[in-house]
């Protein structure tokens, strides 16, 4: 529990996406109204505008990497805070309208990221089929089933690649299941809120930040990483993203082990604030896997307290 | 000129994409047969299979960042080599069939990356329109024009976002031009070939590599960056990509200033080979902007020669 | 002025040494009783025992390097504090009893460090003379003059190498002056006191510490230096000293630019306290040359305050 | 065996010093003529002049630290090479003329370094005695015994502190033995020759160098240490020495694990040659303790060969 009061939660829709699966993991969702949004941008804009109290969006996939829309939307504009993370195994089925046979399939639709993750299955079994991109895996299924919210003419394809739950919910038949090339694929989702109440430190926490370099800061990324290294802080994610100004201008989006309330993390962030053009704090929150952060004795909270006491004693 | 003998060049199609614009910059394309492919994967697979002699694919956009399909396809499978880079300004137009008025537009189609780059224009002018994803900017225009190669029912949308050239080529009308949010947006394309003849060093070169870490190598990325730092080598691109094995397992795709035939680059790559699980060399090639590499005297070729001579003299 | 109340100051005697010259630079010496000691050890022992309130001892010579007796005595035992530094140009004369001619000189006495610094002069002019070591330059002169405090039989040599002042004071004749091989040689002396009142920060300060490494701390000296580098702190002196336990076990005695009351210095010292077995603080005090410390904007006191305020604001 | 043809070996005399003990460990000394010199400088000058073929001098004491005269003489002037090292346990006796009793002793003589190492014994037993400095421990004994080469009037003291061997050789009586404060004290001596035949690599080697920094090289010592760190090279000794030009101008004298013929050492030295004003190579030679150098697989000779082969293969 984050302690957040959440009446309305948005998610990357439509219903049936992996974002909704992630959302269902959260206790906050039990009593709240859940609202699908057609893009990460619109979900986070609604959150910033106060229309919803929190949003669930994908941030990283173990096969495809970071989700640019989420990384960029969090990195710019009104500050938001990640307050929780959820990990969802990514499994796909090939779904059709009842009665459709494999040989009837001439075109297949799904979200481009899903398409990339079933490449091997398609090459082995449906290499002759056309690909029809969809805005989400769920949308491809919903449209195929002929749902009321169809966004384009569903007659153009005969099969959808989606999560099993959404296929079942819309009366589709599963021709093949677990068709992902990587059976261990997972996507990490984050629960995002407006700044307010930071989740308490649990000893198994993560902190997300975005670092923008000063043009005149020599040493670049190496210098930034040293700020973590001297405080014994491990990074679990690091991605460069263009700042959009010109080729070769990057900011760095990263997750580090530990909580803002850990002395070593606070000191590292202050150190980065001094040498960066901007440090954007995206939140400290419990790790989804609950694994305690390993800290060497030299960088423990106790070691920080002892150093503080030692320094104070020098002043007699 | 790369000195490559190129009879057939593939590119990320269909005709009219920015990849074709990039391809047209190359002298090799003048006499060669040019062939569109429906994806980066299929273009590079055709190259690996010997069906074509080279391929032009996008590798990095100044707004959206690295192109995962290209980065991943180059990082795995049979080795390929980048032999040239091309930079293409990215400008978009809103194209319609002759006679269509702004108020007639209820849905707009384009590639998701293009859609991301015109977000501001859409929000200001067409916020009520539906978005229909397409496999490329060109495909959205071709389909709208009702071309023979239409991939799905074009009746679903009334406007396409594409390059001006392709709109004109297919008889579409431009309702608004230069609609990108970032007027300086560019995409970097690479000309890829099978290993063979490496482009000669020009003094204004770039080298691309992918680094896979050893699990037991302490210090992680910091240790890898130090291999560059001690040889005075600057990085112009750095991206982490998941290896696909599990969350938090990354490889690093990067461009450095200099050529494999520069002593400092050769030594750095050998140093990385020793500490990495794998170093994948993607090629040394001239920079598109022709800007000479700045090298401090301590790391110049002459300094390397002097050090070699000094060491030899210690042996009497 | 250090603000110290000093009734009795010791110095490395006997009278006439360069330590006394250094002592005479201090305003504290004007009203105080000054007492010569026969060694650095005995002077600092008297200070620790409360017999004197301060002591002046040499710490570093621009030609010979650090003074081991001072470095080691400060590094071990009851803590003491450096409260000021004095720089004394080192010039030597060849002094004889009135009437002695160059050709009468068969043996020459002085302190071994002084002997090392006039090596060139001796080789050129008195290469056939024997060397008689003395416990100080002044002692060689005093004994030659036949003073009451002679420590050994003065008949053994006919010339002393000492400071001009002591030669004059004891009625000796100067046969040659400014005979040092290095005309710019200086020795740095320190005024040492018991812990108490730390000199205020002036903007042109130095801090002296001794670092003892943990056996299990990887990276050794490199890791310690990084603690300074990430805070933009420059070192003006660095010496390794054996800990006395076995060959290859060192502690590091060093001076850094800045005062304990500078935020970057305090943070660096706390960082070192965490990773070292022991950090021995030897004091923060004004530089003898009054040169203001150069600090990059990223590491200024203001930058530290801004980072603190930024972090606090994250907590709403 | 170094393979050196040695007819005449010098050592820091007079006879009976620890330098002679070190010399006696060398097989080269068995057939050679051995010659005492009154200082490190004169011994090394004789070696440079070709008067002797090798010299044994002390370089480092486990209690007192580096021997400045040796470090400085090796660092400047005509190049010399260390070809072997010898470790000698340092034990002292209090020696007197037969019949002298403890209560008869009013003054004690020895070399200042020895005096520093028996400080505790003296304080406990002879705190009232005067100290008479001598040019060597052996000289204090020889003079006390009334030898023909006495350098000053021996009547001035009644006891000498020296090695037991020299006391016995000169008919002195031992009043107390093993009087050193540190029972594990050792001194490391080196056998120095003119450049010529470098000792072969044994897998248990050491390399000594002196590094002079460029004024304009940023990062200072940290940058130099990184040249070792990236090649996995451990340092077993590091000392800063003033260059003599001004306070704060240092060169670094150091020993590293490994031989010039190890690929990682050769590469590190070339790297240092590029970034330093001067690298002075003092020799590669077997470790006295015979302990094999620990090398991580990433930095082994085999890893260097594999990296070389990998790079060559990139050129097809």
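Quick notes on this one:
Each chain carries a letter (A, B, C and D) given by its place in the written order, and its residues are counted from 1.
In the analysis below, a residue touches a chain if its C-beta (ideal position, glycine included) is under 8 Å from a C-beta of that chain, and two chains touch if they have at least 3 such contacts.
The structure presented is a predicted model; accordingly, all values stated were derived computationally and were not measured.
The minimum number of touch steps linking chain B to chain C comes to 2. In summary, no chain was found to touch both chain A and chain C.
Per the C-alpha superposition, chain A sits rotated 180 degrees relative to chain D, a value rounded to a multiple of 5. Residues touching across the chain B-chain D interface largely coincide between the two copies, over half of the numbers being common to both. A straight line joining the Cα centres of chain B and chain D is 59 Å long. Chain A and chain B have CA centres that are 25 Å apart. Across the assembly, chain D contributes residues 226, 229 that each touch 2 or more other chains. Arrangement of the chains shown, judged by which pairs touch: one closed cycle in which each chain has exactly two touching partners.
This structure has the following touching chain pairs: A-B, A-C, B-D, C-D. The part of chain C that touches chain A in the complex is made up of residues 195-196, 198, 214, 217, 223, 226-227, 229-231, 260, 266-267, 269-271, 273-275, 279, 281, 298-299, 303-304, 306-308, 310-311, 314-316. By the touch criterion given at the top, residues 38, 41, 60-65, 68-69, 87, 107, 112, 116, 119, 130-135, 151-153, 155-157, 182, 184-186, 188, 219-222, 225-226, 229, 235-242, 244-248, 250 of chain A touch chain B in their complex.
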